[in-house]
Every structure is written in structure tokens, then in C-alpha cells.
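For reference, chains read A, B, C and D in written order, and residue numbers begin at 1 within each chain.
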């Protein structure tokens, strides 16, 4: 089941857990043996601590949910001092999801994470607003993404996975820009920007009005984008967005993903990640695939 | 309940039915008294007849569906000769949804529709690929939309509603371009581009691989876009995307929509459009709104 | 024919393993219903069943406002339908599409059904008998247990059976049954899996016999509004839900 | 405390109109469960209930592996839970969060519950009694029928009642009950609507009495993983599902 994503990031199987939905892994150890996963991606971490957005931060939607957590975290230094020692010996790959609101923060954060022996990769979250550029997200323009990826690339020497925002006109173009700027892989999708309103109270349901949509409802969009990106780039693609079972995971791999991540589905079934890993295996056996890598891009069309 | 969208398009109530989901209205007369609707928007029509895409054309998804009908229709001339006479005396506004694959087709089609006395408005579908420009949709760039709207504006003298594609980075920018080019209103959203795969067969579920996502699953994205656009333009905004009941409709109006359209929900309950019209009324009474227009943009945030 | 949307109550249920017979009663009188028409069923409590499900009308009892469906469990929607309990309310849009063309009196008529495709042939055979036409039936399945309600079908006309494993009737596909050698038909009506319908249509064409088939294309609206269910015909793409589901094979591009 | 995900069978159900008592039995032994902890329930067959629903543990019977929930119908999820039938399987993740702090022996303890907020106080009162602490209870509702299982609560301690319409006990809010004039408390525990909890917390603060409240913030994961359920505290945003749902009011920024 092994998947080699390049530059030292080798997964035991294609299943990882998505940032912001699996805490630091510790929250799920009663439910999942982490050794059965290809990797876990910890909470979005920023150079400086962030309190995140006010409550309420979530709203349920048809087959999905919106969240506006707003990257609450205690900062990279706290991660290094307090969290890393607790999780570094997990028997799986522990990836850090790095966010920032300025180029400098990304670079500084990546430099600090580069020194952590047991973190084989950063997943670079480029969906955050660039405060110096009027709040537009880094990841929605080719120039924005080129800049942040190439700057981080200079200081980060391990596997650099770039997580793409789906809120763009042309995802393939953005992915190619990330590839050209030095990404070792791309992961997609991050959340779709959405909104929910309480009609009775005539108020937004989220404290900051809009939030990120995730869960089964976004799967068709995610699958399409993974397919488009996999055709456009040569680096490995990690697919996510609404994956809830092994069949969903297989679909993403057929569309071209080399590995997948499970997000919101962890909330519905905390054991789902291990079940998906097992189910992919079962699918391969049933369909006569010797290696899980044979699934990658095996869509007939 | 009257809504004046400008340039002669006055709706009895804010509820219309979305193009491609309500046929020519005739398919639903056993279920809905069309006089209870603000308007109906007929199937996407192109200058020349189109056979559309091969079967299969749809796939069910979590709280939604994908379609790749591909604008099957018999062309504007056939509409004028064979369909218009049958539907022109419906006791509601009949809008024509006009699509094209070249600027010239849009203009020629709009000219022909301009002559139809009982069609008070065109809904211009700009989500179609521009075949002369490498297949990129007109509606995903500000220059593309400016061009098609301003050319059509020159020949079309009644209400010109421009239907926006949600597959863009910045929907407000696109809406402003449509407004500047002479649109009387904008409607949104058209379908989100998605994909579905049959894992067992390892094949796409749709004949042309990708298709348009609609239904309850897209509502959070649609609502967010309507809210963004309503803040950005002065012309009326018509909201749609996943509206399934009166509460959903009210949410879109609170977010800034002057009227709404119901699409996929017609398939689930063919009487839903009339129920929504009734339910909006009931909401207004319950909340002490004298006129339905008081709902528009009444979100407190 | 006026279409309706109405709530029905489950008043009788019969379990056939993978399939289930559901007799559903409306409070108000049923509209006119032709054999071969179908309903669009709303499946409640099935989170992944967003759209209605098209199901053929298996039988009608106008006196008691009852419609009977024969449903095979293939996915979540049909599984939930099969779980319905007596008294449960099921909402249906009906009757949809166009039924089979009625043959002339005296014509020799064969109804060919494969698998769950036998469903609409029951009501059709009943109407034929009411019109003094006694059809012959040729029913096929993978194995014996696929031949649902066989005794009831046999009451409506002479019935021939094939099973792929030979557990009942002649072994093989319906197209291989000896009746084709022994009997000529004026009209053939077919409903079943597409490969089977195509095979029968081909045989009919070779013998130059008039043939109608009932298609089961994927549907969204069921009303001719969405154009999702099209079949490629000599007249281009036409909606199976509105112009079909029954088509004369000469119209199809098979 | 080890968390589990497990299937439970509905073995007893009692209807209280808008609320329902569900006794659920697991096949295997229950883990350790502290009063004030909650479960995350999966609601099957409810198309608009995508996430689990957090519900307090109302009672526990370790001998029979049973957890009892008291659920008020407020939306589709809780309505579907209330429709569960005997023998139905309900999946739960449990036990979650941290419970109430146990008082010292001899302390005078008041449990204040409003509306469905009385739910976790039942198991808590039972545990107190087992620990030789007889709590006093002050339960409030809009009207008489909101006071569920009153006789059962009364068995666990002296119970005072208020209703907004005066149909039972003293008329008004819990904060207006005469017991506050007649009695001093060492520890106050509150669960109910936020305005009520804030009012009691304020009274407690004025009297400088130790006070714990149980919050019901909207949750997604229930495990401290998503950070959706945060409450603003003197330590910043903390997860109610993990560090709560019970908080000492001194920690809250109320």
C-alpha cells in the first residue's frame, strides 16, 4: 500500500487526516490506531498565536458544514515546545499545516518547522488572506501562490505540500504555478467559501458572516478539481473534500490523486480514517490491483 | 408582494423557476397554477438547434445532482414558431434563457427574442464556453462578460438579466462588469462545475466527464455569492442555488436578492414553487413586514 | 392524462427476498393510468436519496385507489423503500410517461420480461385480458427465485420461463427459448435489462416483427423538464420519461 | 477516561410530549462515566442531520450497560431521535467532556436546572446521594409540563420548583425563588438556557458562592479537534466539548 510522495515523504497507505479536523491526533487515539494511517496533518499553525474568530463558528448545511474557526492556535513556538514532544513519536507521518497572513510569517514559520526532525512535511495552507495585499488570499492568484511557495521553498528542505483553495476560476493554473515555484506535491481542496443565515433571527449563523464549506456536499467539486489538477501537473496530487468512505477515496485516486485526506467525516465517525485505509485495500484486492499506486489516475475516459 | 426589477420586468411575487428545471412551464401545469409565480424562465435556448450531450447526463450526489444536458434545444427560430405561441399567454412572466457559443450567436438570438411581445426579459446565460476563445466560458472573466453583455445590450431593449457563473475567483468583480456593460439585473448562481465517478466501473458517471452541480448542497456557496454581489452592485440581484423551501428563499432575500429562482427542487416536489411563494408571504406576515421588498438585504450584521 | 402528486399509505407488503411488493392506497380517486406508465417515488429517511425514484406501475386497483409497485433493492433508495412498514406514507408523482400501445384484437402478443423488468408487464397483461387479448408471456431470470409472482402471471396468459442456471424452465436467456421456434408473434413487448431488450429487439427486427421496449434511463424530473433521461432516436435525443418509457424499436438507434 | 464508539439498542422509551426519555443498552460494558459528561448521537434516517448531536447523560446503569438520555425535540435531529422505536440501534460516541466537580461531604449543594437543562442533573444528583451528599434541587420551566420526572428528582433531594406561568411551584424564574432568601449554599451547579445560567451565575457571584455551569455550545466533533464549540474564557477560547461542558463561572467572561 506504500505511497512515495517524494522528497522523503513516504506513506504507509494513501490515507491521511485533514488539517483542522483531527486535532493533533491525540483526540482520536481512543478510536484509531494511528499506525494504520498514512499520516496525520495537524491543526493550522501560524507563526504567532491566534485566538481565532468569535463563537459561533459552525453551521450545519445540507450534507456538510460551514466553519469559521479562524486558525485558532498557539503559534509555531508553542507547537515546538509543548505539542511536538507529545506527538513526534506517533507511528505515522505527522505533517504540519502552516498558515500565515504575510510572506514573512510563512517563511519564518517554515524555517522553524524545518528543524523538527520528526515532521517530514509541511502542508502549506495558502487560503489565508494576505493582510498586506488587501486581504486577498495568497492562493487565488498565480502570482500570489508563486511568491509564497518559492519563498518558503528557499528555507524549507523537506517535503513541501501546497494546499490549494478551490475558490478560484482556474485551479489547474494555480496548481501549475505552485509546481513551478517548487512544491513537491499539491493537496486540494480546502473549503469552499459559503454562508448561512438564520431566517428567524435575520442574522448570519457564523460570527464572521462567511465560512468554509466542507463535507460530502463538496465532493463533486473536489473530485473535478483533483481531476483537472492531476492532468495539469507532474507532482503528486493529494485529494480531499467530502471523502466519507473507501469508495469516495478510490474515486479520488482514480481521478489522479496519489493519496487522500479525510476531514469532516472524522466528526461523523471518528474511526472512519482507519476504515477507509482498510477499504481501499479491499477494493484493490477485489479488482485485482497488486499495488495501490495502480489506482492513481486509472479512470477510463 | 410585487417586485419591480426595472425596465418593465415586474413580478407578482419574488418566485421564479430556474432555466432548465421547469421545461417551458407546460410540464408543471398539472401541479402549479403559473399565475401564482412571479415568472418562469424557460430552457436554455441557443441560436441554432443543439442535440446536447450524450446520455448519461445526470448523477445524483450528496444533497444534489450533477447534469451535463449540454443545452439541448431546437434553436431560437423553433422557439418562436412552435413554442412561443403555446406559452405566450401564460398568466406570468415568461423569460427566455439565452445561451451561445459565440458573440454573434448571442447577438443574433437576442435580436430575434427582442421582437417577441410577451417575453419581457432575457436571462443571459454566460456560463457557456466561447468556442472562438479556446472554450473558456464568457462569464468567468470581466472582459468576457463585458463584451457579451454590451453587445447584447445594443440590440436588446427589454429587461436584460445576466446569469453569473459561480466558477470564478471574484464574483463581485464579474457582477460589476455586467452592471457596467448594461445589465438590468444579475441572477446567480448557475451550477458549480463538478464530477462523479463510478468506482466499480472506473468510469465517469457523466458522458462528458464533468457537469454542473445543483441542489441543496450548493446553497451555502450561492448565498455567500448573492451576499457579495448584492453589496457590490446597484442593480437588482436574483438569487438561486439550492432553494428548497420558503425559509431558504427568505435567506436569499435577506442576503440581498430582490427575487429568487427555484431549480432542482422542482424535481423533488413539483409544487414547491407555489409553496415557496405562499411561504414567503406567510413569513412576512409573521414578522410584520408590510411589503416583501422590505426583506431585501435586511440581514443584520 | 392528468398528473398528480399524492400521499399513499402502505396497505400490503410482500417480501420476495431481494424484491418487495408494495401495495399503496391513496385517499382520493386515482387518475386514468395506462399500463407501462410509471411513478416517481419520494424516499423518506434515506439521506443519500436526494431525487425521486422512477418505478413502474405493477398493478392498479381503481376501486380501492391502490397502486402496486414491485421494487428490487439495488441501492440505498430502493433499500429504504423495501423497509417501509404498513401504514407508512409514501409520496408519489404519477402517472408518468406513455404506456404500451394496445394491440388489436386477434393479434398474437408476446410480453417478454427479464429480472425486475417483469414489473410493468403484470398490469399490462391484466389490461390485455380485460380487452379480450390473451397474451403469451416469456419471463427470464438468473435463477428460479428471480421469477416473482409466477403463478399470478400464469393466470393472465400462457407463460414460458428461462433461467440462466436452468433452475426453472428452459436454461439460458429469453432469446434462446424454444417458443421462438414454435410460434410467430404479431407484436412483442419487452422490459428488462438493456442487453436483453437489445437482443430481443434484434430478433424481432430479423423476423420483421413489431416490437416495443420499455427503457429505464436515469431520471431526475420524470416530467420532460430536465432533459436528463434522453435516448438517442431517429428523431434525435428524446426524453424517455415523457415520450417513453415505451418506444417502438424502429424509433431507437440500437 | 477512555472514549468509545458503540451501538446501543433502545430498550425503554417514555414520552413527555415535547421531550422523550430514551434508555439505551450496549452489548459491552460501559466505560467510566462522570455526571455532567455527554454523548454524541448519530441520528439515522434524518436527511438534514449531517453531524452528530450532543446530548447529556441523564442516567447510567452500569449493571445493565444502559445510558438514559432525555431529549427535547427542537429540530429535525431531535425529532428523529424521539421517533426511535424499541429495538432500534443508535450509535453513540461517549463519554465526552468533563463532568461536574464533586463537592465535599457536608457542603450544602444546590443543583439548578431550567427546561431540558435538568437532564444531566439527574445522574449528578444520584451520584451525590451515593456519596452521602443530599443535594437541593431548584428546577424551573415555562409551565408545569416542562418539569419532567419531578417525582424522581424529588427522591434525590429537596426539590423547589418555579414556573413562569405559576402553574406549579412559585411563579417566575428560578432566580426569583424564595429558597435563595432562606438558605445559603456552598456550591451551586447550573444547567439550562444561557440567560438563566448567566442570571444564576450573577447571583452566585454577588453572594460570592462557588458555581459551575454546563454549557451547550454548538458542536461538530465533540472531541476537542475542530475548535468550533469555543467559549471565551479568562484563558482565551477554550473548547466546551473538551474542557467543559462544565465550567466554573469564574473562568468564564460572562
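The definition used in the following text is that a contact is a pair of C-beta atoms (placed from the backbone, for glycine too) under 8 Å apart; a residue touches a chain by one contact, two chains touch by 3 or more.
The model shown is predicted, which means the values in this text are computed figures rather than measured ones.
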Inquiry  = Going by average Cα coordinates, which chain is farthest removed from subunit D?
reply    = C
Request  = Just give me the whole-number Å value for how far the CA centre of subunit B lies from that of subunit C.
outcome  = 36
Query = Quick one: subunit B and subunit D, Cα centre-to-centre, how many Å?
reply = 48
Inquiry  = Using Cα averages as centroids, what's the distance between subunit A and subunit B in whole Å?
reply    = 34
Inquiry  = Quick check: what residues of subunit B touch more than one other chain, meaning two or more?
reply    = 61-64, 215-216
Ask   = Which residues of subunit D are in contact with two or more other chains?
value = 47
Ask   = Should the pattern of chain-chain touching be classed as line, ring, star, complete or other?
value = ring
Note = Checked against the stated definition, the touching pairs are A-B, A-D, B-C, C-D
Ask   = Within the complex, which stretch of subunit C touches subunit D?
value = 45-47
Inquiry  = For the complex, give me every residue of subunit B touching subunit A.
reply    = 61-64, 66, 140-141, 167-169, 192-197, 199, 202-204, 209-210, 213, 215-221, 223-224, 227, 242, 247, 250-251, 254-255, 283, 298-301
Ask   = Touching subunit D in the complex: which residues of subunit A?
value = 20-23, 27-28, 30-31, 43, 51-52, 54-65, 67, 69, 72, 215-216, 264, 266-271
Inquiry  = Give the list of subunit D residues in touch with subunit A in this complex.
reply    = 2-5, 42, 48-52, 93, 217-232, 236-237, 242
